[in-house]
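Data block below; observations after.
In this document, chain identifiers A, B, C, D, E, F, G and H correspond to the written order of the chains, with residue numbering beginning at 1 in each.
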Amino acid sequence: MQDKPLVGIIMGSISDRDIMDECVKTLKEMYINFEIAVSSAHRSPDKTRDYAINASARGIEVIIAGAGWAAHLAGVIASYTTLPVIGVPIDSSPLRGIDSLLSTAQMPPGVPVATMAIGIGGAQNAAVFAAQILALKYPDIAKRLDQYKEGLKLRVEEVEKD
Amino acid sequence: MQDKPLVGIIMGSISDRDIMDECVKTLKEMYINFEIAVSSAHRSPDKTRDYAINASARGIEVIIAGAGWAAHLAGVIASYTTLPVIGVPIDSSPLRGIDSLLSTAQMPPGVPVATMAIGIGGAQNAAVFAAQILALKYPDIAKRLDQYKEGLKLRVEEVEKD
Amino acid sequence: MQDKPLVGIIMGSISDRDIMDECVKTLKEMYINFEIAVSSAHRSPDKTRDYAINASARGIEVIIAGAGWAAHLAGVIASYTTLPVIGVPIDSSPLRGIDSLLSTAQMPPGVPVATMAIGIGGAQNAAVFAAQILALKYPDIAKRLDQYKEGLKLRVEEVEKD
Amino acid sequence: MQDKPLVGIIMGSISDRDIMDECVKTLKEMYINFEIAVSSAHRSPDKTRDYAINASARGIEVIIAGAGWAAHLAGVIASYTTLPVIGVPIDSSPLRGIDSLLSTAQMPPGVPVATMAIGIGGAQNAAVFAAQILALKYPDIAKRLDQYKEGLKLRVEEVEKD
Amino acid sequence: MQDKPLVGIIMGSISDRDIMDECVKTLKEMYINFEIAVSSAHRSPDKTRDYAINASARGIEVIIAGAGWAAHLAGVIASYTTLPVIGVPIDSSPLRGIDSLLSTAQMPPGVPVATMAIGIGGAQNAAVFAAQILALKYPDIAKRLDQYKEGLKLRVEEVEKD
Amino acid sequence: MQDKPLVGIIMGSISDRDIMDECVKTLKEMYINFEIAVSSAHRSPDKTRDYAINASARGIEVIIAGAGWAAHLAGVIASYTTLPVIGVPIDSSPLRGIDSLLSTAQMPPGVPVATMAIGIGGAQNAAVFAAQILALKYPDIAKRLDQYKEGLKLRVEEVEKD
Amino acid sequence: MQDKPLVGIIMGSISDRDIMDECVKTLKEMYINFEIAVSSAHRSPDKTRDYAINASARGIEVIIAGAGWAAHLAGVIASYTTLPVIGVPIDSSPLRGIDSLLSTAQMPPGVPVATMAIGIGGAQNAAVFAAQILALKYPDIAKRLDQYKEGLKLRVEEVEKD
Amino acid sequence: MQDKPLVGIIMGSISDRDIMDECVKTLKEMYINFEIAVSSAHRSPDKTRDYAINASARGIEVIIAGAGWAAHLAGVIASYTTLPVIGVPIDSSPLRGIDSLLSTAQMPPGVPVATMAIGIGGAQNAAVFAAQILALKYPDIAKRLDQYKEGLKLRVEEVEKD
């Protein structure tokens, strides 16, 4: 396991924590070091900006941003860094996440956000996708990703035996 | 007419200009002084941030922000100023503006954006709403707003005579 | 605090009260005086009309209208006054507020409604946006708005210490 | 044919005329007398209100209201009369009429609007539905409605012969 | 009160009964005689067809049809009668009634269904709209409708006194 | 090729013909005999009913029904026959076929419609699916279906050579 | 009853089992032999592929595939077999199945999936539709299907007697 | 520039080429080597599978998959490789890409697809995101990515000078 975090997890509100914990859990399963921050694109914009600007220098290589409603967090971070940013739309509004999905995915040309599925499954997948990116560079992560993926298949297979 | 601009119009892309010109035209009809800027929330974030931070000191009292797709512009500006920010969702994406409407309107608690209708009608209304805000403080704007509103009624009435 | 109300809160049904209480609470946090009315655009149209026509003379400077379903309330009020009208779409129908959002935001040229997010967050933001409008004219409200906004940032920051 | 109009057609904007002409044409096919008005729920609210309040006294028995965007027209009229109001949602906005359909159909308890399909087909059907209402009371309209309906079947049948 | 039913209420499934009971209750409040049937457009099509074909001869003057999912019931009945048919879209599917709203409202030219709001409010409004149709012909129903409408206003007004 | 038609194609309006011609063309490519009818679920309901009731006796084994708007045609036919009914939602309304997709797919328990994609691709696929059903029983159709499918692959492969 | 299964039921996740059990129950009511598998299009793609490739040789004549979210299962299976594939979109995501409906229905030209309604009703209908396909070839299934359909009518009729 | 391709672009149909050319153009601007393939998830599934299985061995490090309608292509590829897969939803269907967005983004836990915006902007962003991933490992790509991003800012700034 790397000594310093390679993945930065940021969420727009402490109320997104339950969803983003699935991301935490999945990174831990693959022994990928990470850090967590809570910072709103709108209520604490300079903190968010500083986070994005400094992430690369701190050694972060992938940022995962989870937010609900008009989810600008991933996009705002992507505007301040060239690190890959993965967005997790969270279904916290009455519209059940179609607002956060569109706010995260429909980014303008030049500033992409890698958008995951809405909610807890998307949080898990953000961790997997971060691992897929890092696996290109870190053979040990590639190995643990393969084990994780193999585990998914086994779980499907075991289920059928019941 | 005020000597310096009271309204700042900002748009995310020069391609939004045709839509936002309706806003310009309507402010001119009411002799309200304004300035125009093009700055993307994502491609030129610090320019956008500077714009928002400095607007009040420059004498701007209302900001109108027009953007399409995952329209973060109004929200990002609102995060850096306590001036009222009016958002115009623009129908430039294949989803015809439902993405920009949700990205503009579904702001989190604490950081409102006054969202208008999608497209050219919303651009016109942003100007009218700016006038309605300024009319509370500037009696001459109040007078010109009343004249503008009276004109709308007359246009409806004249139509029927045909 | 002003002696007489500057903000008029109106809602279409008493069942919208729980949502609109967030608006009340937020205005109180900023010591902005307000009044509350219940009047349906459809079931008591003349009461609603009278409310809108007389608001300005009573000293009201901003109107906040909350309604669900085909939420016409904000639009109807905006048709009878040139005061700024802020609309709060409420998620009381089976469609979870997309109906009230579209009914509130998609206003025709000439008669804007400043549309907030759906539901309780939108109700809070309506109060903040009213304060942002009033702050242009009333320095004491400007000051209390700044304090309120600062509080939001602190709350985000404190959260991370846990 | 009745000497005075039984059906009042009202539209929110002169730009809705092309759509509402299908309604006019269909009423003419059934020799049902009607009147036409242009009045916006928002730009000329008192004209709209007067129209609704006085319609019954003028002998109107059914009102057809066509509007686009946040289509409040039918609902506002329904709030001022107990005559049956038929709403035609018009697809004039970028959202292609889903906004006007929801704004027309999702009326609150107590004040119904009989909502038709979006656009030109809905305009035609508004005329047919008005005829169906009037046919309950006027035997000559019932007869002409039957002839109209029979014509529809014949047109379908003829088509297949080609 | 008329001796025989003037209004026929039909629903597609016994599970729609709770919703449609609001319709029943409202007709009773206005002392309008009605009958109730359960018949599916799809599972018992000939029963539904017979219902529609014979309704007029039985003295029925308005039909109210409530259904969920791909709600064809109102449309199928409208295809077999020239009586006014009022459709109540019911939110029984996972899509919360947007499917039944579109299936009920988007009728093709020539065969209108008067579509109400989704769910229990729409069921109540179907009764009110039926009364509005019948009031054109039956002065006693007109009188009771006026009383009902007056009651709605009073309820709104009383609420505010609290 | 069978002497008598095995597939019945029915469409709600002659204006659906251009879309449904893709279905015709695809059946011809596989030498599957078919018949075509135009009959509206709403404007000619008894013709539609007779079609459905008699189809099996005439030797039809699969019915393909194409319709737009509140597309009830496939559902109405399915209510009168136990033959497999394939529905093609057509994008003829301003809502671009989401209305016809939901009206076709969201059938109630007991009366399925096999729903295809919206529009011309769905019309083609209806023919392919009809062939897939018939191939279970008719070896010659199975053979021609395999050839058709193989052709699809070849077309994809050839494309890449360019 | 056939000795070996004619229908293959496959689902993307063991969590879809509750929904798909309605399919199982309905096939049992009609004494149609079936087999069940759990295999994800994405987590166990080769198992899914093998299932599809070998189904026909094992005697399976119809495949029913149930999945939620971006429901690719039915489409992936359809890409590997010319057996008729029936898709059941499951409402397991926050978007309540509109995602799985579109992912299942909007198949490209050449590879149809017969899409059912979302959720438990669709699962039941998948069984009925499978029976409708098999009834063309197996007279005993045709007979039991007729009995099943008759039962549906009786249940509707009995309900009204209460 | 690397000698062999690092990025594999795959599209579901030759008709997607115009959209995906924006991706090609952007990779060329950054001198990133790539290969292009046309392979349908459904019409040529084994070719698609082989592509995914062999991509890593051929030296591909990122795969970009563009598809419309029920866009399964990116998901199917992601099921056969642990390389990062970027999905571009294409607006080729009548629903203007909301179907392909949901089919691409709403992937189940364990198998992520990095979803971009709908259409041509998403195709451009897929190239940018691929560069952002590769920049973590290849310093020369990092440099060219920075130049590309700087160019975007300049273009925004130049625009305002006009």
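List of remarks:
Here, a contact is a pair of C-beta atoms (placed from the backbone, for glycine too) under 8 Å apart; a residue touches a chain by one contact, two chains touch by 3 or more.
Being a predicted model, the structure only gives us computed values, none of them experimental.
Of the two chain pairs examined here, F-H and E-F, the one linked by more C-beta pairs in contact is E-F.
Averaging C-alpha coordinates per chain places the centre of chain E 35 Å away from that of chain G.
Centre to centre, using the average C-alpha position, chain C and chain G are separated by 49 Å. The distance from the centre of chain B to the centre of chain C, with each centre set as the mean of the Cα atoms, comes to 19 Å.
Of all residues in chain H, those touching 2 or more other chains are 13, 40, 43, 69-70, 93, 95-96, 98, 105-108, 110-111, 117-118, 121, 152, listed in ascending order. Chain pairs recorded as touching, per the definition above, are A-B, A-C, A-G, A-H, B-C, B-D, B-H, C-D, C-E, D-E, D-F, E-F, E-G, F-G, F-H, G-H.
Chain D meets chain B in the complex at residues 13-14, 37-40, 43-44, 47, 69-70, 93-96.
By the touch criterion given at the top, residues 61-62, 82-84, 86, 101, 105-112, 114-118, 121, 124-126, 128-129, 132-137, 142, 145-146, 149, 152 of chain C touch chain B in their complex.
By the touch criterion stated above, chain H contacts chain B in their complex at residues 91, 96-98, 117-119, 121, 152-153, 155-157, 159-160, 162.
On the side of chain A, the complex with chain B involves touching residues 12-13, 40-43, 45, 49, 68-70, 72, 75-76, 78-80, 93, 95, 98-100, 102-108, 110-111.
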